[in-house]
Amino acid sequence: MDQLRKKARELLESGAVKTVIGYGQGSGKAVRAVFIRQPEQTEKLILDERCRQNLAVYLLKPEVKNLGKPAVVARLPVLRSILQLAAESQLADGQMVILGISPDGQLLDFASLKAVADYVSAQSLELPPPEREQLEQIEKKSPAERWNFWQEEFSRCVKCYACRASCPLCYCSRCAVECNQPQWISSASHARGNLEWHLVRAMHLAGRCVNCGDCARACPVGIPLNLLTRKLGEEVFKDFGLRAGTTPELKYALATFRPEDQEDFIR
Amino acid sequence: MSRIGVFLCHCGENIAGTVDPGKVVEAANRIPGVVHSVDYKYMCSDPGQNLIREAMRDKRLTGVVVAACSPRMHEPTFRRVCAESGLNPFLCEMANVREHCSWVHEKSELTTAKAIDLVRIMVEKAKRNRPLFPIKVPVTKTALVLGGGIAGIQASLDIANAGYKVLLVERDPSIGGHMAQLSETFPTLDCSQCILTPRMVEVAQHPNITLHTYSELESVDGFIGNFKVKIRKKARGIDEKLCTGCGVCAQKCPLKKIPSEFNAAMGMRTAIYTPFPQAVPNKPVIDKKRCTYYLKGKCKACEKACPAEAIRFDQPDEIIEVETGAIVCTTGFEVLSTEFFPEYGYGKPKDIITGLQFERLASASGPTLGAIRRPSDGKEPETVVFIACAGSRDPAKGIEYCSKICCMYTAKHAMLYKHKVHQGNAYVFYMDIRAGGKMYEEFVRRAIEEDGVKYIRGRVSRVYEQDGKLIVKGADTLLGAQPVEIEADLVVLATAMVANSGAEELAKKIHVSYDSYHFLAEAHPKLRPVETNTAGIFLAGACQAPRDIPETVAQASAAASKVAALFSADELSREPVIAVVHRTAPPIFSICEGCFMCEQACPFQAIEREEIKTRDGKLIKVVAKVNPGVCQGCGTCVALCRAKAIDLQGFTNEQVYAEVMAV
Amino acid sequence: MKLGYFPGCSLQGSASEFDESLQAIAPALGLELIEIPDWNCCGASAAHNLNRLLALALPARTLALAERTGLAEVLVPCSACYSRLILTRHELDQDEGLRRQVSEIIGMEYQGTARVLNILEVMGQIFQDGLKGKITKPFEHPVACYYGCLLVRPPKVVQFDRPEDPRTMDELMKKIGAKPIDWAFKVECCGAGFSISRTDLVAKLSSKILADAQRRGAEAIIVTCPMCHANLDMRQEKAEKWAGRKYSMPVLYLTQAIGLALGLPEKKLALHQHLVPVSFPVKAKPAAKAKAETAPPPAGQSEE
Amino acid sequence: MAEFEPKIVAFVCNWCTYAGADLTGTSRIKYAHNVRMIRLPCTGRIDFMLLLKAFARGADGVIVSGCHPGDCHYTAGNYHARRRWILFRQLLDFLGFDIRRLHFAWVSAAEGAKWAETVNSVVEEVRRLGPFQNYQQLARAGIE
């Protein structure tokens, strides 16, 4: 931890970066994202189990970009998001400094996206059993039950788009939901409008979602909508052998194909 | 506010028979935006077309929906009608109430109801149509012809004679291809070289043709009218300008026992060689894989001997970059070698040869000066067995197709042999005799009846050597599959015509598809036989499928005329059904975020990257840009784009959405 | 090398000399054979003409037993057995349903893990590094290597050597000092199954084989198939009658030829069991040894 | 009450299935009238939202059809489409959406008969399923 603070301090002092995006103490027990611009403030940096927000989301926000070159404190989901954003030409080497702490407490200072990719490839990207179970819970329901389950969940949606705002990969300046010529997605938060929104969101993240779970955490009404993108992420890996956020050259599952892709439903 | 006119065609009884025109017209009139709706017996007839013209004028229509047959049938007709009357043709749509309605359903309310739906759907689309204008693409009026066989020669000459520049690229040291190797040609038995060599010379001397022999295609970029091509001119090891083609070098070359490719290994050549006396250009090349100097660093006999001092051992390969408007691929074929056949001894028995090798034996300019002598001991064979369909039409051998020319050249071979060796016996084992063609059947009959060639209908199961003879074991299926055993001195296999070994890579280089046998694929087997699915790239000859000389020449001329047509205009115009990337005013400039997923998806590499900069050149963002010349309008990128930043002209999101909402 | 061993009925009866000679040379070649416990008939020549399931079940049982015994590779000297076993393995590999069905029939799980090897494959492996020193009495004779019909067919299934002109045995023969002749009948039919029912056919077919071997100066025919041996050796007299000429062509099992080259006594190789006496025109060259290792190319192939 | 007549919307590519359906017509093969066809250049163009919109618009079943793999007029559009459908179906199923109402077929320009069979079998299956209640309930929540 001290190594991290020290490194952050050096970076700011040397002017190598203008801001350090990391985690700091929020009100009460909560942690929050902090944007440190003064070397001495780096003491505020913390990094522990509570720090789950995907800080990569800030890297593309104009307000943050305007602060100048950032260093970002990255845990696995953040690293993967960065790789995925690089694969989508949104980030490139040298645009940011990427720091982290290895499981054994050592400071990680990634020289390049390649280094990030190497680090990520060494991690297990398998779905942890509890997360897999969550999916199975739903999969083993009957279609009708599934339908009712999601209708129930979606019925609470108020279309606040916190899920979108929290997602590093929802970076479109004009989201499909704002397109009204034609109005693909009903902007009203009625049953159909909500279904359309969550369905489009999931499809647009298929093969891109790094399963950080921020969308669900951000949801004020507690819809487990990360299950949708997680489900598709698993399908993409199963069917096409691609995992989002693993290399900066990753091909997009829906923009590539193999003639031998398997399906069993086309007559 | 759009003013749509709906025109329902009865197509005689074809539509009116099952659909109630009155109801449709009435319903159409009630669709918002429709200001005019009529029906007529034959809308495509002149009076019908006039109905549309008049309505357009009188009702000031902003869009037209013709409810009739399939747009694949008459869309061009009605779009032309609109264009003639000053309405942008792309404001005209067709509702397919014939093929998709009246012809496939019984007469009933429901069928009429469907017709009405189909009309409404197209009206909703037409309302949202925008005027579109054909895309103009400049044309570089130079054609690249790949392959200098008879197909390439013919195509080059035709294009050149039409007044356009041609680049002819040939892989081998000389043009001429397989035809130059042939002895006589069926069914006329005129000498192949006698008819070919004048053409070869013509190519060499034609002011519009630039010839690159001993050269290979490196890469092709760009699109119809604007290809950028790289050609590798392999080092001949001689200075072509100085070389006089005197041939002393070859005489002095100590290596004289290299199997000659031109003579299909029936004769030998030297390491520095001119493939054959009539070669064009008549300049030698050094075979670097065999030449002692390249292998051991000494010899240089040719250099010492060359009176013109034209030998250049250190000559490098040269990469030539050219721009061409069209490409004609005439890369030809290969024949299976005898090693391919286990039952015929895996090519081990010297006296089992291919038809092509027999051509060289029979050729007056061949290694035996036309005398039929078997390779093993140079003896004149008393009995020759010809085996047709060696490999061809044999699924077990992976070659299910008919090689087409074998029946004819086998008859020719047997005939030539009988003419040269009167007392000899010629047997032909065949499956069927396929002699479709002018004077072909007659030719085969002549071989059988006048020259007494013995035709045996059956396959040969095995050929093996025994005491200097070749024992040919087969069956005569016309005599109850009775086993036949012939002691032959020479066996000639009419081995299958197969695609060039490099065909696959070539296809990928020029972005055309190929079939399961690796023959290059035409755009349509009947109606577009010399085009490919890549606009501006054409095919001719045996690179596409087995062909004989007349067909090859016909195809070559066909391809040439396609090229000439393409070059006849300074610009070519294409249907404007292509993708476009959204652009708008600052500060957004474009809702494209530049994720370039579309770039990955585009089957035609039509997506380019465009930098948006401030006036003082500061980069704001990089967005996708569609190259209108390359885009074919499939719309894959459109369905892919999350922000809906790309749209497809003619099938915009707005149009298609409206159609769905109208069903 | 440790291998499972499936002798099959022939090697216990009419072709016992094949078995004996194999057992005799095995130790010298460092070959350990574990006979599959309770193996059964492979069903050759009859079963597959009558009942597909039976024809599959019989070999499947033997293979399943091999699997149980933990044998990864099984040597099957008899060409007929080899053919049945490898065909069964192939068919059951192709069709999961069939595999389960057959497993039920034989009352044990057949997985298809045990590979089936013919005698040439095995000897080929052993001889790879030439057996320096072991060849004490080079088998210096021009021989006709006769593979028969089953060893190389169907090519897609056995995937062994070249179907029309195999070479494995020729290479082996060179290694023991013999000169394999280049001849035309390597894989021709000997009459096989008609050995009993249509001896006239056998005489005709075998005679052609014998004739070609003789014409090209072979002093012996080397075989790996009990059927071929029966027809060429036991029926040679009939063949001679049919052709009206004498062949007196010794027909040896590959293993016997190897045994002789290894210097094993004829008795142990059961040469005496043949009907055509195994005797060669005597000629002893001092240079023999050297030749044995540096196998000279036989006349037939030298011109290549 | 007359038998339920399902409403089927078909999204087809211009080069294979649309032409195939033309062939059905020229061959005068009869099939169920329930289908309304929407013509697009290529299956690659078919946005998954179009299918959803068709259901929103009251379709009881949807057919998506284009060129067989390898036959795409644009060489690869249908391959891209196939991946899209694989995932889209998975997602719909996960949401409990009744995917028995969503049908896919490769119908070439030569398969007029196959088009008729496809339409008929889909119409029959959807007729058995009855009106697409639970989606149409949503749909009633206003349509733009």
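Per-chain numbering from 1; labels A, B, C and D assigned in written order.
The definition used in the following text is that a residue touches a chain if its C-beta (ideal position, glycine included) is under 8 Å from a C-beta of that chain, and two chains touch if they have at least 3 such contacts.
This one's a predicted model, so the numbers in the text were calculated from it and none came from an experiment.
Note: the chain lying farthest from subunit A is C, by mean C-alpha position. Here the spacing of subunit B and subunit D, counted between their Cα centres, is 35 Å. Mean C-alpha position of subunit A lies 49 Å from that of subunit B. Our note on geometry: subunit B versus subunit C, Cα centroid distance of 52 Å, whole angstroms.
Shown for subunit A are the residues that touch two or more other chains, namely 182, 184, 254-256. Among the residues of subunit D, those in touch with two or more other chains are 47-48, 53, 76, 80, 84, 144.
Each of the following residues of subunit B touches two or more other chains: 601, 640, 653, 657. Under the touch rule stated earlier, the contacting chain pairs are A-B, A-D, B-C, B-D. Those residues of subunit A lying in contact with subunit D across their complex are 138-139, 141, 143-150, 182-186, 188, 190-193, 195-196, 199-200, 202-203, 206-207, 228, 231-232, 235-236, 239-240, 253-259, 261, 263, 265-267. Those residues of subunit B that touch subunit A in the shared complex are 588, 591, 593-598, 600-601, 622, 640, 642-644, 653-654, 657-658. Listing the residues of subunit D that touch subunit B in their complex gives 5, 7, 9, 18-19, 21-22, 24-26, 28-31, 33, 36-42, 44-48, 50, 53-54, 57, 59, 72-77, 80-81, 84, 116, 143-144. Those residues of subunit A that touch subunit B in the shared complex are 88-90, 171-176, 179, 181-182, 184, 204, 251-252, 254-256. The part of subunit C that touches subunit B in the complex is made up of residues 162-165, 184, 212, 215, 303-304.
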